[in-house]
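Structures follow.
Presented sequentially are two complexes of chain A, the first with chain B as partner and the second with chain C.
Up next, the complex of A and B:
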């Protein structure tokens, strides 16, 4: 772990240089990845560190988004609240609403806590369409990023840097928070709240405070989002935003510090890239979640950290060899599965079936080859690759297990 | 010497090739930013079919500037955030026209994004053609010069529906306004109430209820019964419409429903006999002008595999208008000047199987004929493989369907 500071520096440097490295569309994805990362980090504080699983974090994200949009319209980017400071409004409203909601929801723990957060978020979601002046009705509230501090904020680069600075500062603050006594107590709350209470701590106040801080950072993320798209719409309060942050954080690994951020960024990037490539990208997203939960329950980052902490003791070359062999065989299996799913999706699509006339099934182009759906070849190709990949993975796993047994 | 000759030759070649590319304009790129995945994809995919069909027709007729139009597809992932992202992507890939329709929430985002982009990039404007976001404010407080709506709105739907029902003698004296409690439902309710004096009926009661949350509509049906209403005017869609009609029929209530979205695929199949005798006002019916319409129906089916329904005909007609406008625009060196196209759209008229359509310059709302229709077994084209379909009761001409420009629309025209 001695390389961690160096790695961090390199990452930050790459992030700063990013506008000159990638295309506009990718930079746009990067802005959303940063926002998703910050939102997931806010969630991670509550769920990973303090062990409180919230199913309603979209509420604080949305509250922050609307507060920022209204502040943007009220101040016009001047005076007390110039454009770069607008996320403060999102953070403040997130904090206040988090204090209120946290007071009620942290009275209970576990499943009941999750239900209360869900109920509060749904309450806001059901209320929002009725309050047209606050939430803007179906077409939403829109705004305009005004220039401030000599920066135009019209170009994507400006927006990217604004989001980057706020995200990095917020994640830095979250890291420092985790080192404070309060941050340490959050871990205690997760591990054993009863013992904490016997030690004389007020666990309800503690829970409320951590909930509010998590909501504050969610509010900042929401504000950054509404500044990015220069609008807020009440669909931001929908429950799928709450579930997305849960999925993202768990895929990344909710108990390691940067796990949620990396999970959020990765899954946002995945959606950005695949949604224009295939109609069934949501299916792939679901499959990834299920696989991660089944085989890497600590999440991607969690598993990586665990492996680095407890090396297998087989030497670098051998470990790398095993990892590589696993990755290659998994890639083969994944390609087979993707091929099958895509082929099936094309066969079942209404456009294709419109072209099927009197029993003749035209060929389907997939991965630059034409396949006849009634012949064996596409199905055998997909199933075969999938089977070979899975067989290879099991073979590698067996050999590793055999080596371990021989050592022991 | 050999090398010099070679160099000269290459230079000449390069010149010729450069000249050739300059003479040939960039192909016009049109981007469809629609919901193509997830739970709301079914409507988005209908827009996609219709857009592909009509862009194909325009390309068959020569495209734009001698080049076929390039259609780019983007998945907005169902929400405004994805839409904002995809609009940026579309513009950076060189799209001059953006098409979208399946949600007013997304339309609100797209229209504002386009407005702001045009403010920041004067001289390099893009156009947004709103194929189906029917919220009033899109041609009201949010209207702007580069937004064009090719679908009707709440005012047009409700007023034509009431006119048609009145003329057919099925609009009772006691009307109940039952709507979903958000901007669309409120718009429908306001327009129903506003038409009461003109058409001589009383709005006995108005109800706004939760959107897509109610499973049991029987309390609402009891209120309709208690109010002694004979007609219910509703802007409800999807489950809120189906469950309301089923609850009314289950309670043996003898009321006639006037609706805006009864033709959504699946509604008739789901409601079956319950839908019979109820009314709808929409910009298309397959039995109007049978000759031209059935040619259109069959041609559409041969390309996409199904008859056009719901939002598809309006989308095709809207793009016909775009095609007409493109005919009168001269391609510039870098493709298309969006400001020229905006002017052309304001002056264009298109002959659709339903009649002529045009774009009103004051708020960029399409002016098109509306057809008031009834669900009946006599329909020539059946919906959802049931024995029911839509029979036209009255065709309301484009001029009669027109509704006044909203006061809130303060459109800034360039220059």
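Up next, the complex of A and C:
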């Protein structure tokens, strides 16, 4: 891991240079990715480090988002709370609501803890439409970013840098936190709360505090979100926001420090790209989650870290060769699967079926060819590619296993 | 005889209809190694749970340094100078041996809600952890994940964590359970070393360990302490033979 500081430096440099490297739409996606990364890191502190799986983190994200919008309106981006400091309000409200919710939910552990967090978040979500002064009803609450400190905050670039600074500082703070006595106790809470109690620690207070700190960073992420879109609507309290952060964090690897951030950023990027290309992008997201959990249960980053720590012992060239062979075979299988899914989606779509008259099924254009749905060719093509890909990857795996056996 | 450091007075514990501990009386003298033996189901573990605060007694008093601790929570009992190990290995498996001990040591220094200092720079804490590592002979395993230790190493770690709060009284619940002969000898030596200057109350099934290690032995049968005395007294006690030792010899 001796290259870690260098890698970090390069990443930060690229992030700083990003506005000059990519298009506006991509930069907008980058803002979303940063926010998702920070939100996932907040969740990762609670779930990965302290072992408490929250199903209701949208609540603290949402509370932070609304607090920031109200503060934007109240202060006009001046005085005590100039625009760049508005995320502090999100953090503070996150912290307070986290203390409150954490006090109740950390009285239980495991499934019961998860259920309480879910219930509290749903309670807020159900309540929000009725509290029009706070949550603004259907229309939500909107505001404007005002200039401060000589920065306009009107352009996307300004917003990007605001988000970048807050995200990096927050992740830095989370890293430092993990090194403090309280941060180490989070691990103890995850590993064996019972033992911690017998050592004389107050596990309920510890759990509450860690919950609150996690909620605080979720609140900062929420504030950045509402500052980015200059509005907040009670849809940010919906359960799919809570679910997304769970899935993202696990895909990245919830137990390695930057795992959740990378998971959050990657899946947001994935959503940004695929939601323009296909209607069933959520299905793909789900499939990715299931596959990662089945074959890489440590998550993408977790698995990478594990491989770097315990190399296969086959040398760099051979390992890279194996990885490449696997990736190519999997890409073939994935292409076959995507083809089948997309074709099915089109066949099953109401628009297409409205066009089916007297048993004539018109051709469907997919990947710049026209395919007849009643002929064998599209199905054979998709299934065939999928089968070939899986066969190839099985072959690669068998060879690796045979080599290992020969060594042993 | 000096005043007992730990004293059970007419302690009674029942779970509904089941009377597990019936009128137990026990005095543990400061500095002694005191063993509790008894057949399976006699209530030895329950007795430990009562002393360490996991259960509250239904009736009776438990005095630690003359103050009643009956009904106090485990954390409070620990703060008053009584620490225990568990029959089932009870460590933090997913973190390093060093971290296990550091978590245990930090409590003594009242480091709980501290998020403005680096744990790596707590000089005193880290020195104490190194000290403990030497005592339990795990120095070269410091950076190993606790889950990857051998069974007896895990038991040593468990004992190390019990020591971390620098308790006056240590309760060890079957520290040799499931160990080979070599491991048992090794652990017995370790216990002898680390209990120097402290008071030990131990539950153990291995009679050779009990009789060589303990200054005094109490025999618990069906929730009652039927005899307390030196190993020789206990060997010669007719009631004990009948209730327990004879049964085992047969």
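In this section, the second predicted complex is superposed on the first by the 408 of 408 C-alpha atoms of A that agree within 3 Å, B and C clash if a C-alpha of one lies under 4 Å from a C-alpha of the other, contacts with A are read in each partner's own complex, and residues count from 1 in each chain.
Going forward, a contact is a pair of C-beta atoms (placed from the backbone, for glycine too) under 8 Å apart; a residue touches a chain by one contact, two chains touch by 3 or more.
Just so we're clear, the structure is a prediction, and the values are computed from it rather than from any experiment.
Visitor: When the two structures are laid over each other on chain A, do chain B and chain C clash or fit?
Guide: The answer is fit.
Visitor: In this superposed model, does chain C or chain B come into contact with more residues of chain A?
Guide: B
Visitor: For A:206, decide between first (touching chain B), second (touching chain C), both and neither.
Guide: second
Visitor: Which partner chains sit in contact with A:197 here, chain B, chain C, both or neither? Use first/second/both/neither.
Guide: second
Visitor: Per the contact definition in the header, classify A:188: touching chain B only (first), chain C only (second), both, or neither.
Guide: In the superposition, A:188 touches chain C alone.
Visitor: Which partner does A:179 contact after superposing on A: first (chain B), second (chain C), both, neither?
Guide: After superposition on chain A, A:179 lies in contact with chain C alone.
Visitor: Is A:236 touching the first partner chain B, the second partner chain C, both, or neither of them?
Guide: A:236: touches chain B, not chain C.
Visitor: Could you read off the angle at the CA centre of chain A, spanning the centres of chain B and chain C, to the nearest 10°?
Guide: Roughly 140 degrees separate the directions to chain B and chain C.
Visitor: Can you give the closest approach of chain B to chain C, taken over C-alpha atoms and in whole Å, for the superposition?
Guide: Least C-alpha distance: 34 Å.
Visitor: In the complex formed with chain A, which residues of chain C make contact?
Guide: 52, 74-76, 78-79, 83-84, 86, 90-95, 99, 102-104, 106-107, 111-120, 122, 161, 164-165
Visitor: Taking the complex as given, what residues does chain A use to touch chain B?
Guide: Spelled out, the residues of chain A in touch with chain B are 23-25, 28-29, 32, 126, 129-130, 132, 136-140, 142, 144, 154, 156, 225, 228-231, 233-236, 238, 271-272, 275-276, 279-282, 350-351, 353-355.
Visitor: Going by the contact rule at the top, pick out the chain A residues touching chain C in the complex.
Guide: Touch residues, chain A against chain C: 176-177, 179-185, 187-188, 190-192, 194-202, 205-206, 209, 213.
Visitor: In the complex of these two chains, what residues of chain B are touching chain A?
Guide: Residues 36-38, 41, 49, 73-75, 77, 79-82, 84-85, 88-89, 92-93, 104-105, 107-109, 111-113, 116, 120, 133, 135, 137-138, 142, 181-184, 186, 210-211, 213, 304-306.
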